[in-house]
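The block underneath contains the structure these notes are about, expressed in C-alpha cells.
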Amino acid sequence: MKIIGLIITVVTGALLIYAAADFPAWSDPASPASTYLSPHFIEKTMEETSVPNIVTAVLADYRGFDTMFETTVIFSAGVVCFFLLRISRREEEEPETRYYRHVLTGVTIQLKEGYKMPPSADFERIDAVWTPPDLIIKTGCRILIPFVQLFALYVIAHGHHSPGGGFQGGVILGASVILLAISHDLRTAVRRMSEKLIGILCAVGVFIYAGTGALCLLLKQNFLDYSALAGVLHVDPITARSHGILIVEIGVGIAVLATMIWIYNNISSAGRYRQGL
Amino acid sequence: MSEQYPALLVIVPLLSALVVSVAGWVNKRWCFPIAVAALSVSAWSSVGLLFRVLNEGVIVYKLGGWSPPMGIAYYIDYLNGLVLPVVSIVALLNLISSKRTVEQQFPDKTGPFYTLYVLMVTGLLGIVVTGDAFNLYVLLEIASLTGYGLLAMGEERAPLATLNYLYMGTIGACFYLLGIGYLYIVTGSLNMVDIARLLPPLYQSKAVLAAFIICMVGVWLKMAFFPLHAWLPNAYTFANSASSSLIAPLVTKVMVYVMIRLMLTIFTPKFVFNTLAVHDAVVWLAVIAIAMGAVLALKERNLKKMLTYIVVAEVGYMVGGAWLGNRAGLTGAVLHIVNDALMTLCVFLVVGNIVYKIKGYAFGDLKGLFAKMPFTMGAFVIGALSIIGVPPTCGFFSKWYLILGAIQAHQYGFMVALLFSSLINVVLFFRVFEIGFYEPFSDHEGHEHHPAVMAEAPLTMLVPLYVVAISLILVGLYTGDIVNHIVQFVIPKGFM
Amino acid sequence: METITSIRPLLAVLVSLLIIPLVVVSSRSPNVRETWTFVAAVAKFLIVLSMLPAILRGTEIVYTVVQFMPGAAIKFRVDALGMLFALVSSSLWIITSAYSIGYMRGLKEHGQTRYFCFFAICLSATIGAAFSANLLTLYLFYEILSLATYPLVTHHQDLEARSSGRKYLLYVVGASIGLVLPAMLICYNLAGTLEFSKNGILAGTAASPSLLFILLFMFVFGFAKSAIMPMHSWLPAAMVAPTPVSALLHAVAVVKVGVFSIVRILTGVFGIQLLSSSHLGMAVCCVAAFTILVGSFIALSQDGLKRLLAFSTIAQLSYIVLGVALLSPKGMTGGMLHIAMHAFGKITLFFCAGAIFVATGKKNISEMIGIGRRMPVTMAAFFIASLSIIGMPPCGGFISKWYLALGTLQAHQIGFLVVLLFSSLLNACYFIPITYKAFFCRPEDAMFENKVQEAPVFCVVPLVITATISVILLFYPQPFLRLARMMVQSITGV
Amino acid sequence: MTDLISMVVAKYNYWIYITLMMIGLYAMIAKNNLVKKIVGMNIFQTAIILFYVSIGVKKGATIPILEHGHGPNAHHVVHAVDYINPLPHVLMLTAIVVGVATLGVALALAIRIYNNYNTLEEDEILAQVREK
C-alpha cells in the first residue's frame, strides 16, 4: 500500500507541478483572477449592496446561494452525527448503580438498581467517571464565558464593517458553550442547552436563511433577491440588501452555534450524553 | 409560478428538510408526510421545467437577482431538463417505498433519517440544476455528507465501508474543487458558460489540461469508475435498504451527468475530442470497467453485492458511451442515465422488499422466493430483463445506441464488452431466478409441492415498485420520442 | 403493392396478452380459466383469418406502433409468408389448448395457471414475430418468446428441468444477444434501416463479401431456435417440458420462429440477388444439408420417443432453410410450405407421444411394443403423421417435399436432391418400425393386453383433428400453397 | 538558471500547497490508522484552501474591506488595485465549513467503528471481519 501511495502521490504531484508552469506568478495583480470578476466586486459592492466588507457582501449576497448551502452542509453534518451516534433511550442500558451528588455539600450518594431518586433541585446526576472540576478552571471559565459570548455577538453584528459574520460569530458562541462542557461536565452543558433545543435551533438557523430567500420569492422577486424586502423593511432596495445580509448572518450564526454544540455533544460522549468516551 | 420552478425545485425540499428535522423533535408522525409533499413539489417542478425547456429552450434563473457571472445562476437546458425529473421521481418513489423499512429499522430516528434523505435529494437536484462550477461543489458535498450518514446506518460493517467511501469521496470532491481552482486561476470565472466562453484561447495551456484531468479523476472517483470503484460495493451492500435504493440509482448517475456537463459545457467537445484526443484510452478503460464489473459480479454469492458490481459495470457503459465521441454514443450515454437510474431503482427496491420480509439477501435466503413473494419477483424479472437489455424494456434501447456508437467509432472492443456484459447479466440474473424458482427442489416427478406460504411485501412497497417496473417498459417504448425531442438537442451542433 | 393501414396485426398480438390478468384472477376455478384461454385462442385465430382475404388479394397490412429512429420501429407488416405462419400457429393454438387441458389435468400437474399464462405470452410473441416488418421488431418478439418459453420448459422445477433450462438459455438467449444483436446493429449502421425489403436492405451497401459472410452466419447461428447444427442441442434438452409445450412450441411456434427469422434474413435483409451473386446461399444450403443428414442419423439411435421427435424436428427445420437458401422459386415455395406441412405432422406426433404418456406413463419406444392394441386411434394418427413427415402420400408432407425436390432440380443442385431423398429414407427408417411394432408385435408389457383404453378425450380429439388435417392438406393445400407462391412471386417475380 | 530560480521563487505558493497536498494524500492512502487518515484528509483539504487563498493575493493591496464605507468620507472612488480579490476568500469560507463538516462526520464514523471493533487499525479490523 505504501508503494502504491507513493506512486500515486508522485504522479499527482508531478501533474500539479507541470500545470503550475502556466500559472501567473504569486500576487500578480494582472492575473485573470484579479482582473476579471474581482474589480467589479471591489468597486461596485458599495453601490449595489451598501456593505463595506466586500467578503461579507459577496458571501451573503452575490454568492448568497452558496452560503445558504454552506450552512446546510453544517446542518447536515450535525444531523449525521446525531443520526449515527445518538443512542436512543430505548437502546441505552441504564447503569446498575447511579450516582447523585448534593450540589451544596458535595455529598455523593449511590443508588442500586430499582431504586429511584425523588425529583429534587438539590441533587444532580453524575457519572461514575465524574471528577470534581478544578476550582480555578471552573471559576475562570465562568467569568470568561459571558465575555466570549458578548464578543461573538459583536462579531456577528459587525460583520458588515470588519472581519466577521455569522460563521465566525456562531463558532465563537458555540465554543463558549463547549468551554462550559469542558470545564464542568457534559451534563451541566446539556442542562443549560437541552438536546431538543439545540436540534431545533439548528434547523431554525438555516430556516431563517432559506426562509428569507423564500420570502423574496413570495414578494415576486427571485430567490434570495433581498431588494424585494425593501417594501417590508421600508428602506430603499440597496439598504434592503444590507439588512437582508444581516438577517441571514444571524441565521447562520444560530445554525453554526447550535450545530457546533450538537456535534461536540454527540462525538465527545459517543452519543450517550454521559461524561467520558 | 412556473418562472420560479428552478428555485422551488431545490428550495422546497431544503425548507422541508428543516421542517422535518423540527418535526422529528415534536411529533415523529409528521416527518414522512412532509417529506413526501416536498419531494412531490420537486417532482412537479422538475416535470414543469422539462416542459418549459421543450417549449422555450434554455432557461436561466438568476439567484439573488444577480446576473452571471457575478452571481450564481441556474441553467436548465435539455440535458439537465431530462435528468431532473428522473432524480426527483426516483427519489419520491423510493421515499414512499421506504416508509415501512425505516419504521422497521430505526424507529427512533425517523426524523433525522427523513431530514437527511430530503437534504440528499436537494443536493442531487442542485448538482444537476446549477450553472455555477463552485456551487456544484457545495451541493456535491451536501449530497455526499448526507449520503455518508445514510449509508453508515446499516450492518456492522457499514461504518467502515462508509468511512472508506468518505475518504475516496473527499479526495474526489477536493480534486474537483482543485480543478475548478485551476480554471479560476486562468479564467477568473466560476460560471460554467462563462468559463466555456473564456477557455478557447487557452486550450493549449497546461493548466487547463491539468484542470480537466483533475476534474475528471475527481468525478470518476465519485462515480466509481473502474479502477476507482473499490469503495462502492461494500458501502452500498452493508447500508440499510432504504438508503441504498436511493443512493445506488442516483449518485453514480448524477456524477455521470456532471462528467457529461464538464465535457460538453465547460470544456466543450472541441477540447475534449480534438485537442486532447485521449478518448480511445478512456473507452478502453470503460471496456475494462465493464468486463471487471461483470466478472466481479459473477463471483458474488450475495444478491445486493452482485447488484453493486452491476452498478460499477453500468458506469463503464455510460463513461464509454460519452467518450466514444459520436452522436450515437453520447445519445446512448444520456439515455442510459435515465434508464439505469430506473432499472437500478427497480432491482434495489426489490432487494428492499426482500430484506423487509426475509431479513437477508444472500443467495441462500432467496430459496423459493417466487412462491413466497411472486409480485416482488415479477418486478425483479422486469428490472433484470432491462439490465440484460431485452426489448422492449428501456435497457435495450440505450444499449442499442451505445453499440451503434461503438460501431460507428470503430471501437469494437467496446461493442464486445457491452455484449459480454449482457451475457454475463443473463447468467447473473438467471442464477438468482433459478434459486428462487427451483429451490427447495421438488421430488423427481415435480408434482408434490409443499404449499409455500405467500409473504408478500406491503402495498406501500409494491405500488412504487410496480410504477418503476412499468415505467421501464414505457420509457423503452417512448425512447424514440425522448431521443427526438430531448436527447438530440443535448448534443452540440456539428458534433458527429 | 397496395398497402392498408390497420390495427388488426397489433390486436392479434395483444389479444392473448389481455386475457392473462383474467387467467390469473380466475386461477381458482380451472374451467373459467381455460375458457379464457379458448376465448383468446379463437379470437386470435379469427383476427388472423380476417386479414387473410386482403392478403390473398395481394395487399399488405401495415401498422406502426412506435418509431424509434429512422428505419427502426416497432412495426407490423402482414405479408403472405407472415400470414402463412400466423395461420398455422394461431389455428394450432386452439387445438393445443384443448390438448393441454386433457394433458395437464390428466397428469394433475402443478402451476397450471402459470402454464397457461406463459403459453399465451408465447403465442403473442409468435404472432408478433410473424407479422414483424423489420428486424428490430422481429428481434423483440424473438427475445420475448425465448424468455417466455423458459418457465414452460422448466415447468417441473426439478434438477433435470434446471439443467435443461440452462442449456436452453445458453443457446437461445446467448446466441441472440451475442450474435444477432451485433449483426443487426452492423446492418443498421451499413444500411441505415432495418425494414425488410424485397431486394434486401444490404444490397447496394458497401459491405465487403467477407463482412457479408460473417453477418450471414451471425444471423443463421444467432437465431438458434432454428436448431441448425451446431446450435441444435438445446432442442432435445428442452423435451423435459410438458408435452403440449413440446408439441406447440418445439414443433411449431418456437422453432418455426427461428426458421422464419432465417427466411426473413435471407429474403428481406440480404435479398436473393445478393445471395446468389455472392454464392452465400450455397453456404447456407451446405450447413442445412449437414444438419438434415446428421439430425436424421442421430434420430435413428434414439429410444426416448420425444427425443427422437426432437432430432427429427432438427432435420426437418433444415429442410425449410435448405429450400429457401436454394433460391430457386420452386425450392422456396417448398421451404415455406414445409412450415405448414411439418407443423401439422409434427404436432400430431407430439400429441401422440403425450397421449401415450398420459395413458400409460411410457416414454421410451422400446416399451411401446404392442401399444397399438391398447391405443389404436392414437397410433393410427401417429402412423398418418409419420407418413407426412417422411413425405409420402396421402399426406401434406408430400407436397412440400415434392416442391423441395423440384427446387433442387431447378437450381441444378443434384447433390441436395440426393440429400433430401436419403433423409426421407432415414425418416422412414426411424418412424415405420414404431408403428409396426405397436400394431404387429406381441406386447411384452401385460398392460397392453387389456382392451382398448385411450387417453382422455381432450387428448385424443386434438390429435385426430391434426392428423386429419395432415391428410386433407394433400388434397386441398390452400391457402398455404397459394400464400407461399405469392410470397415467392413477390420476391423473385416468377 | 536564474530564470528557473526566479520562476521557482515567483510561484513558491504553489510548491507549498502541492507539497502539503501530497503529504495529505500519501497519509490517506498509506496510513493504517483510520484517524491518521482523517488527519491526512484534513491536511489535503487545507492545502487546497491555501491554494485558493494564495490566488487572491495581489501585490500592494489590502484586505477587501472598504474604509469609510459610510459616513462623511463615503464617496471617494474605490480602485480595484488597492484591494485583494475577495472571491477566493468567500469560496474558502465554504471550503473550510465543508472541511469541518466532513471531519465531524468522519469522526462520528470512526467512533462507530471503534465501538464495533475496539480498534482503529485498519488491518486489525479487516482481520476481525475475515474471522467472522
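When the chains are written out, they are named A, B, C and D in that same order, and each has its own residue count from 1.
Assume contacts are C-beta pairs under 8 Å (C-beta built on N, C-alpha and C of every residue); 3 or more make two chains touch, one makes a residue touch a chain.
If you're wondering where the values come from, they're calculated on a predicted model, not measured in any experiment.
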Between A-B and B-C, the pair joined by more C-beta contacts: A-B
Whole-Å gap between the CA centroids of chain B and chain C: 43
Cα-centroid distance, chain A relative to chain B, in whole angstrom: 32
Whole-Å separation of chain centres (CA-atom averages), chain B against chain D: 29
Centre distance in Å when chain A and chain D are each reduced to the mean of their C-alpha atoms: 19
Where chain A touches two or more other chains at once, by residue number: 16, 20-21, 23, 31, 33-34, 37-38, 41, 63, 66, 70, 73, 76-77, 80, 84
Junction residues of chain D, two or more chains touched: 25, 55, 87-88, 91, 94, 98, 101-102, 105, 109, 112
Overall pattern in which the protein chains touch one another (line/ring/star/complete/other): other
Residue ranges of chain B in contact with chain D within the complex: 134, 138, 141, 145, 148-149, 152, 156-157, 159-160, 162-163, 166-167, 170-171, 174, 177-178, 181, 184-185, 190
In the complex with chain C, residue positions of chain B that touch it: 385, 388-392, 397, 400, 403-404, 407-408, 415, 419, 422-423, 426, 430, 434, 437-438, 441-447, 449, 477-480, 483
Parts of chain D lying in touch with chain A, wherever the complex brings them together: 7, 10-15, 18-19, 21-22, 25-26, 29-30, 54-61, 63-67, 69-70, 74, 78-91, 93-94, 97-98, 100-102, 104-105, 107-109, 111-112, 115
Complex interface listing, chain B residues touching chain A: 4, 7, 11, 14-15, 18-19, 21-22, 24-25, 61-66, 69-72, 108-109, 112-113, 115-116, 119, 122, 126, 132, 134-135, 138-139, 141-142, 145-146, 148-149, 152-153, 159, 182, 184-190, 198, 205-207, 209-211, 213-214
Touching residues on chain D, where the partner in the complex is chain B: 25, 28, 34, 37, 41, 44-45, 48, 51-52, 55, 87-88, 91, 94-95, 98, 101-102, 105-106, 109-110, 112-113, 116-117, 125, 129
